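One chain, chain A, appears in both complexes that follow, with chain B as partner in the first and chain C in the second.
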Partner chain A sequence: MSLTRRQLLVYAGATTTLLQLSPRFSFADEPPVRGGTLRMHIAIEPPILVNLTHTAGATVYIAAKVTEGLLTYDLDLNPRPQLATAWTVSDDGLEYTFSLREGVKWHDGQDFTADDVVFSLQTLKASNPRGRATFANVASVTAINPHLVQLTLSKPAPYLLKALAACESPIVARHVYGDARPETHANATAPIGTGPFVFKEWVRGSHVILERNPNYWDAPKPYLDRVIVRFIGDSAATVAALEAGEIDISTGGVPLSDIERIKGNPRLSVDDRGEPYVNSITRIEFNFDNAYLQKHEVRTAIAHAINLDFIRKTIFLGYGKPLYGPISPDMKNFYSPDLPRYAFDVAKANQLLDEAGLARDGNGVRFKLTLDPLPGPETYRRTADYIKQALAKVGILVTLRSQDFASYVKRVYTDRDFDFTLNGMSNLFDPTVGVQRLYWSKNFQPGVPFSNGAHYSNPKVDELLEAAAVETDVQKRFALFAQFQKQVVEDLPDLGVLTLVNPVVYDKRVKDFFVGAEGLGSNGAQIYIKG
Partner chain B sequence: MKILLTLGGALWRALLHTLPTLLGILLINFLLLQLAPGDAADVMAGESGSATQESLAALRSQFGLDQSIPMQLWHYLSNLAHFNLGYSPRYGASVQALIGQRLGTTLTLMLLALLFSLLLGIALGMLMARWQGRWPDRVLYVCSQFFYSVPGFWIGLMLIVVFSVKLGWLPTGGSGTIGADLHGWPALFDTLRFMALPASSLALIYIAIYARLTRASMLEAGAQDYVRTAEAKGLSPWAITFKHVLRNALLPITTMAGLHFGGMLGGAVVIETVFSLPGLGRLAYDAVMARDYNVLLGILLISSLLVIITNVLVDLLQTWLDPRIRSRR
Partner chain C sequence: MNARRSPALRRLLRNPTALAGLIFLIAITLLAVFAPLLYPGDPLGMEADALLWPGQDWHYPLGTDALGRDVMAGVVHGGRVSLQVGILASLFGVLLGLAIGAVAGYFGGKVDYGLQRLIEIFQTMPSFVLLVALVAIVQPSVPTLIFAIGIISWPTVARLVRAEVRSIREREYILAARSVGYSHLRIIAHEVLPNILPTLIVTASIMVASAVLMESALSFMGLGDPNQVSWGSMIGSGREQIRTAWYLTAIPGLAIFLTVLAFNLIGDGLTDAFNPTRDRASK
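== the complex of A and B ==
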C-alpha cells in the first residue's frame, strides 16, 4: 500500500451497521442510465497508470478502468469473471487453468489472447514489487491455446486466486510492449488495455481523461461517456470543490472534521466502507533493538497505558474498528475473534515497570523514548501527541519527531535509528501477502520499506506463517493464522490501534460505484449517473 | 539599431555574470540534495508498500543511484551541456517535457499577478500620495497593512469560499475547463476565469507593497526642485504628476518588482497548491518529497534563468525610464 492510500485511509470509516442504512443499498429496480461524465478526485497524483512494474496506491483508481485483470471480486472476496471466464485449481493446489474471454479487443483493435496473459504474469513475477512475492511459486505460465492459460506452481499458493484483480495484477498487451524493457515503457503513463474506458490524456498535476470504450466486451456497459480524474492535493480545496459541485466523487483525503459537516449537505453523501481488497490498519511498532523495548514487560506496560478507545473515539471521531491483533477484523476469513486483550490499566502498567526494575528518577521519569509517527496524516500526529501524554503517566518520557516521508522510510527501515513508530499498513486480501511481511523473521531486511521493522523474530511464528503460506485446506489455514495471531498478541512486537477505512464523499446522483472488493479501484463499467 | 545594441550589451553582460552563477547554483543544489535523507528508490518502494532487496536495487539502477556521486554529477552536467535536462524514471518522462507542461501555468499566474499588483498598487499609491494624511490615505494604509500581514493561502481559501462555494461565480481550482478544447478568445477568457482567484491571492500582498512604495516615492519625488520648476513653468498638475513625479517614482518600484519576480516563484507553490494549479511550484514540491533530483535541478535551473531574464528586462526598462542610467555606464 502506498503512502497515498495509507494517508488517505487514515481518515477512517464506520461500521457495517451504518452501511446497511446507506441509500445505495436500497436495490431499487431502476435501470442504469447511459451517458454523462464522472468527475473523480484523487488527492495525490500517482506516478504511473498501470501497476505492472511498480505499484502505487492512487494508481488503482485509474488503472483498473483501462487495464483489466483476470478476475474481479465480490464484497466477500469471492472471485468473479473478468478477462477469465472460468478457472480450475487442482486438488494439490499446484495447477491452475484459466479460460479466457473470447472476442475481447485491446483499445488499439488487436485481439486479446493467452499470449498477453503469459507476458503479463511473467512480467509481474519478474518486476512487480509485490508480484515477485505473490508469483514466487509460479514455475511456469503456458498458453495451451489462444484462450486457455495454465499455471504450474512449485509449491501451493492459496492466496494466488485472490491476487488477480486488475488493480493488483493487470493484464497488459504483449504487442504494445514488444521487446522493450517494461520498466521504462510508455504504456505505464499512456496505457492501452481491454477495459471499459480508453485512456485519452494525462495533464500532469491537473487531470486524466478516460473516454468510453464503444467496443467493450460487456455491452451495454460502460454506462458513463467519460471519466475525468482531477488531482487536488489540498484538503480544504478538495472540500471546496465538492461543495461547489466541481467533483462528483472523492477517493479520500477529506478530513474527518469536514466529513461531519458534509453529511449536512443535501447533494452530497458519505460512504465509509473499507475496501475488502485493502484492509488498512494503524499500529504502534516497537523496535526490538532498543534496550527497553526489548523487554516484554515494557511493551506490555505500554499496551496497558494507552487507551485505544480514546484514540478511536476522540482522534478518529469514532471511525474505524478496534484492532486487537495483527489481522484486521474486516478479514473475516482469517480474523480470530477470541484474542487476549490488554485492558487500559495505568496501575498495572506502573506495576509492570516497577517489577522490571525500571524505577522513577527524581522527576518521575523511568526512561526516555522517541516516537516517529508516519508523516502526513493529521490523525497520526494527534495520536502521537496522545501517546506522549499517556506514557508520561507511567514515567516514560516520549519525544516526538517529525520528518518527511523519505526521511521516515530511511530512518526506520534503513538506518533503524528509531525506538517506536506509529504507522499504517495494509493487510491486503490475504495475510500471507499483507501480514506475513511484518512478522516473518526472514523479512527483517534493513533497507526495505515496510518489511519487519520491529526486528521481531519468533521461530514458532515463522513456522506458522510458512505453513499457512502453502496450506490449501481452508480450515487448517484458518487454524494456523489463529495460532499466529495469539502468539503475536502475546509477544507484542506491535500494538494494533484501529482499522482504517476511507470515507468517500460523493454526489448522490452517482450510483453503483462500490460493488466489489476493489471498491473504487474497480473497472467502473457499472457506474452510472442518475438525476 | 541603438536599442538593439543596448539590448545586446545588456544580454551579454548578463550572460557573463550568469554563467558562473548558474554553475554555482547547480553545484550547491546538487550537493545540498545529497544531504537529504532517503532517495527516490526509498520513496517509490515506500509508496508501493511492498518491496524486496531486488526491486530496490532495480529502482536504484533505473535512477542511476547505484553510481558514485561524482559520476552522477558528471552525467548530469554532460547531459546539460547537450541541452538535455535528463529523464525522470518516476514520471516516465523527460524533465524538459515535465517542465514544459507546467511552465505556462506558472508564468501566466505570475505575470497576471505582477501586472495586477503593479497597476493597482501604483494607482492606489498615487491616490494615497495625493491625499496624504487625509482619510483616503489612512483607509488605504490600513487595508494595505492588512493584506501585507495576512498569509496568501488564507486569502486564497477565503476567496474560494466566497466566489466559488457561496456565489458559484468562479471555479475553485484548476487551470482551465477540462476537456473543453478551446481556442482563441474563448480559451483566453477561460484561462482568465480560472486564473482570477489565484492571481488575485498572489497579487494582494504585492499590491500592498507597491501601494506603499509608490506613496513614499511619489512624496519624495514631489518634494524635488525639478517639480517646483515644473510648477513654476505652469505645467498642469496632471503633466507634473505623470511625466515628472511618477516617472521618477517608478524607478524603485521596477527594481522591487524585478526582485519580487523571484519571490513570486516561491509564493506560487502555496497558491498552486490551494488552487490545484498544475504549475512548476507544485512540481518542485512533489520532486522534493519524491527525492526526484533530476526534476528538481531542472526546475531550479529554469527558475534561475527566469530570474536572470527578469533582471535584464528591468535593467532595460530602467534605462528607458531614466536615460541618465545609460550615460552613467
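== the complex of A and C ==
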C-alpha cells in the first residue's frame, strides 16, 4: 500500500512539457560527472532503514541505496543484474539458480557470499509481511558454492523473478545479524549493506546522511559524494524548499495545484511517470456485508452514477489514467484492455435502483450509506465530496466519515464497520502479489490490513487466481488474468477510479534518477548532478 | 435587575468599537440564519466551473473552489456551523463551569478541594491536544464538536466563578439570606449569580470567539464534520491552492477573523459597560 499525500499532474500539460524539453534530454549522452551532494526530500519519515522485516513504503527511497538486492529492473520490468550476475529457471519453474557477483564487499569490509543470500531469503520468507506470501513456495535455499545459490520450489512461482529488487527483497549481511532476532536487530536503523552509499547518520525528525562507498563494485559509480535525505511533512514547506533550492528532488511532496506553477520555474522540472514497480491505483470498495451493497443492481447503479472522468480531470487535474478493472493499465503484461465499462449515465442508474425496488421516500432518498475515504490525501477527500454529490442525484444519501489512519484501518479491516470506502492500493510488480490479496476469498481475513475488504467471494475468481499463481506459461497466465478481470468488472466488488501517479519534482541539474522500474527507490549509483 | 442593566446597555451602544462588533455580528448571524433561503440546496454541491475568481462570474460573487462549489454559499452556510458550534459550545462550557465553580466556591471545604483538583487535572492537559483526542475518539459531527469544545473550555469559567462566589458568599446579604433559612440552591441562584453575571457575560463573549477558532482549527485539520461546510474546512480544502487561488483561503479566513474580532470587541465593550468606574477612569 503506497500512498502519498498528493498525486497529480495534468496529462496533456506534461506531454507538451516533455516534448518541449526533449532537446535538452539529448544531452543525457554526455558523460556523467563525479561529485556533489544530492538533497532528497521524502514527506514521511520511515520507521526503519532496511525493509527486511517491514514493508513501510517510504523506507525504500533510503534503504535501497545502502542495501542492495539480487536483481534490478528496467522500465519494462525486465530483470537486470545487481548482486546476481546471471540466473536460470528450470523449465518446470521449480528450480532457480543465481550466480553471485564476485569481489563484492560489505560496508564493514567483509566479503559478500552465498551465505548472506541464503540468510536473507530465509528471513524474508519467515518475517517479511509480503515475503511470507512471495516466498511461500520456496522449499529450500541452498548455497552450492560461495557464489552460487539454488532455490527449490514446491510449486511454481512465476512472479518470483520480479520480487528480487532491493526495495522488495533486500540482501543483508549474515555476519551482522548473527543469531539475533532480525525483527529487532540494530542493523535496521544503522544498516550495513553492499550498496553505493554507506549509512552515516540518522537524526530523527530531520534527516539521514549517506556517504559515497569508495569500494563500490560498480566503479566509477556512484557519481555522487553524498546523499542527504530530508523529512518535511508539510507540503507548502516542501514547495518553498524546492523553490528556494534547499532540496534538489522531492517525491510525492508537492500538492497537485502547485505542479503546474512549478513547471514554469526555469530551474525545476516534473517527472510524472510513476514507478512501474509500484503501480498505485485508487478504487471504491463495496462491503458485501451491507444489505444494499450486496445487491448487484445497487453496485452497478453506483458505477453508472459516478463520473470518473470528472474525478480524473477536475480533482486529479488530469493525472493518472482511467482504470476500468482490478489491474492497472500500466501493468502491460497483465492488463486486459477490452473490459466492459460502466458509462456515466444517471438515468440508467436511477432505472436500475427503481428496478431493484428501492423507491425514493418523500425527500427523494432511497437509502443511506456512509463513505469512509482513506484519511490523508486531499484528493481523496475531494473525491469523497464528489461521490456524495453524485450519489445524491440518484437518491442515495451518503454521509462522509473522517477519522485518523489507524481508526480507518481498524474500522475497515478489523471491525468491518463500514459501507463503502475510497482507498488506494499498490498493484505492485505482479498481480499475484499485489492484486490477488484484494479479491481472493481466502484472503478475507478480518484483522489483516489491505486484504479482501469487500468480503468478495466468487469460486470462479478464486480458481482463476489460484491457477494464475502457479502458471508458468506467459500466454496462459495472461489469459487467466484476462478472465479474472472480466469477472471482477462484472461482479463489481470494487469500482476502479484511476491510476495514481506520484510526480517527482526535481532540480534540472539532477540527472538519471529514474532509469529503472524502482524509480527513486533504486540504488542511486547512476545519479549525477551537472551544471 | 432591569434598572441595573439598561445603563450598561446604553454605555455599550455608545462605545463605537463595540457597536461595530455588534452590528457585524448581527449581520453575520442574520446571514447564517437565513442561509437556507438565500442559498437553498447543499452548499457543497458542485454546480459551476472550478476555480472561478471572485467577480469573474457575478452569479458566484466570491468565486468557486477547486470542485466548482460556490464560495459565497460556503461562507454563508459555513457561518451557521461556526456560530452554532461557537455559541452552543461556549454555552455548554459556561453552564458546566458555572455549576462546578459555584458549588466549589459556595460550599468550600472538601467539596471545593475535590473540585479544584478536577479543574487542575483539566487545566494541566494541553487543551487543543485533548480536543483533537476527543474528536478522534468520537465521530466528528456538530454535536460532538460542541461537546468536545465545551469539555475543554469549562475549567476557565469554573475557576473564575469559584473566585467570585467565594468573595460574595461572605457578604452580609448572603448571611442574611442564610439566616432567613433560604435553601442553598435559592441563595446561589437568586443572590449569588446575579452578582457575577457581568463577569460571566464578558467571559462568555470571549469564549465564543475562541470556540469559533477551535472549530475552525479542527475543521482545517480535517477533524470537523465532513458533511457540513464550515469556515475552517473551507480554508483546509483551499490550502493547497494558496499560491494559485489565494481567495479560497483568504475569504473564509477573513470571515473567521472578523467574527472573532467582533466577539472580542463586544467583550471589551461589555467589560467597560459593566464597570463604569473603570470606564470613567480610562477617560
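Keep this in mind: the second predicted complex is superposed on the first by the 504 of 531 C-alpha atoms of A that agree within 3 Å, B and C clash if a C-alpha of one lies under 4 Å from a C-alpha of the other, contacts with A are read in each partner's own complex, and residues count from 1 in each chain.
To be clear about the criterion, a contact is a pair of C-beta atoms (placed from the backbone, for glycine too) under 8 Å apart; a residue touches a chain by one contact, two chains touch by 3 or more.
For clarity, every value in this text was computed on a predicted model and none was experimentally measured.
Asks: Label the relationship between chain B and chain C on chain A in the superposed model as either fit or clash.
Replies: These partners fit in the superposed model.
Asks: Considering only the touch criterion stated at the top, classify A:404 as touching first (chain B), second (chain C), both, or neither.
Replies: both
Asks: Looking at the overlay, what does A:207 touch: chain B (first), chain C (second), both, or neither?
Replies: Only chain B; A:207 stays clear of chain C.
Asks: If we overlay the two complexes on their shared chain A, which of chain B and chain C does A:437 touch? Say first, second, both or neither.
Replies: first
Asks: Would you sort A:195 into first (chain B), second (chain C), both or neither based on which partner it touches?
Replies: neither
Asks: Which partner does A:241 contact after superposing on A: first (chain B), second (chain C), both, neither?
Replies: first
Asks: In the overlay, answer first, second, both or neither for which of chain B and chain C A:447 touches.
Replies: The first partner, chain B, only.
Asks: Once chain A of both complexes is superposed, is A:314 in touch with chain B (first), chain C (second), both, or neither?
Replies: In the superposed model, A:314 contacts chain C only, not chain B.
Asks: Between chain B (first) and chain C (second), which, if any, makes contact with A:183: first, second, both or neither?
Replies: first
Asks: Is A:378 touching the first partner chain B, the second partner chain C, both, or neither of them?
Replies: After superposing on A, A:378 lies in contact with chain C but is clear of chain B.
Asks: With both structures placed on chain A, which of the two partners, chain B or chain C, ends up touching more residues of chain A?
Replies: The partner making contact with more of chain A's residues is B.
Asks: Nearest approach of chain B to chain C by C-alpha atoms in the superposition, in Å, rounded to an integer.
Replies: Once the two complexes are overlaid, chain B and chain C approach no closer than 6 Å between C-alpha atoms.
Asks: Where on chain A do chain B and chain C both make contact?
Replies: Common interface on chain A, chain B vs chain C: 6, 236, 403-404, 407.
Asks: Using the touch definition up top, name the residues of chain B that touch chain A in the complex.
Replies: Against chain A, chain B makes touches at 36-39, 42-56, 58, 62, 89-93, 98, 101-102, 157, 160-161, 164-165, 168, 171-175, 178-179, 273-279, 282-283, 286, 289-291.
Asks: Show me the residue ranges of chain A that touch chain C in the complex, using the header's touch definition.
Replies: Touching chain C: residues 6, 235-236, 239, 255-258, 260-261, 314-315, 375, 378, 381-382, 384-386, 388-389, 392, 399-404, 407 of chain A.
Asks: Given the complex with chain B, which residues does chain A contribute to the contact?
Replies: 1-6, 45, 47-48, 54-57, 127, 129-130, 132-133, 183-184, 186, 188-189, 203-207, 209, 226, 228, 230-234, 236-237, 240-241, 243-244, 246, 403-411, 413-415, 425-426, 437, 445, 447-451
Asks: Within their complex, state which residues of chain C touch chain A.
Replies: The contact residues of chain C facing chain A are 42, 44-46, 50, 66-68, 136, 139-140, 222-224, 226-227, 237, 239-245.
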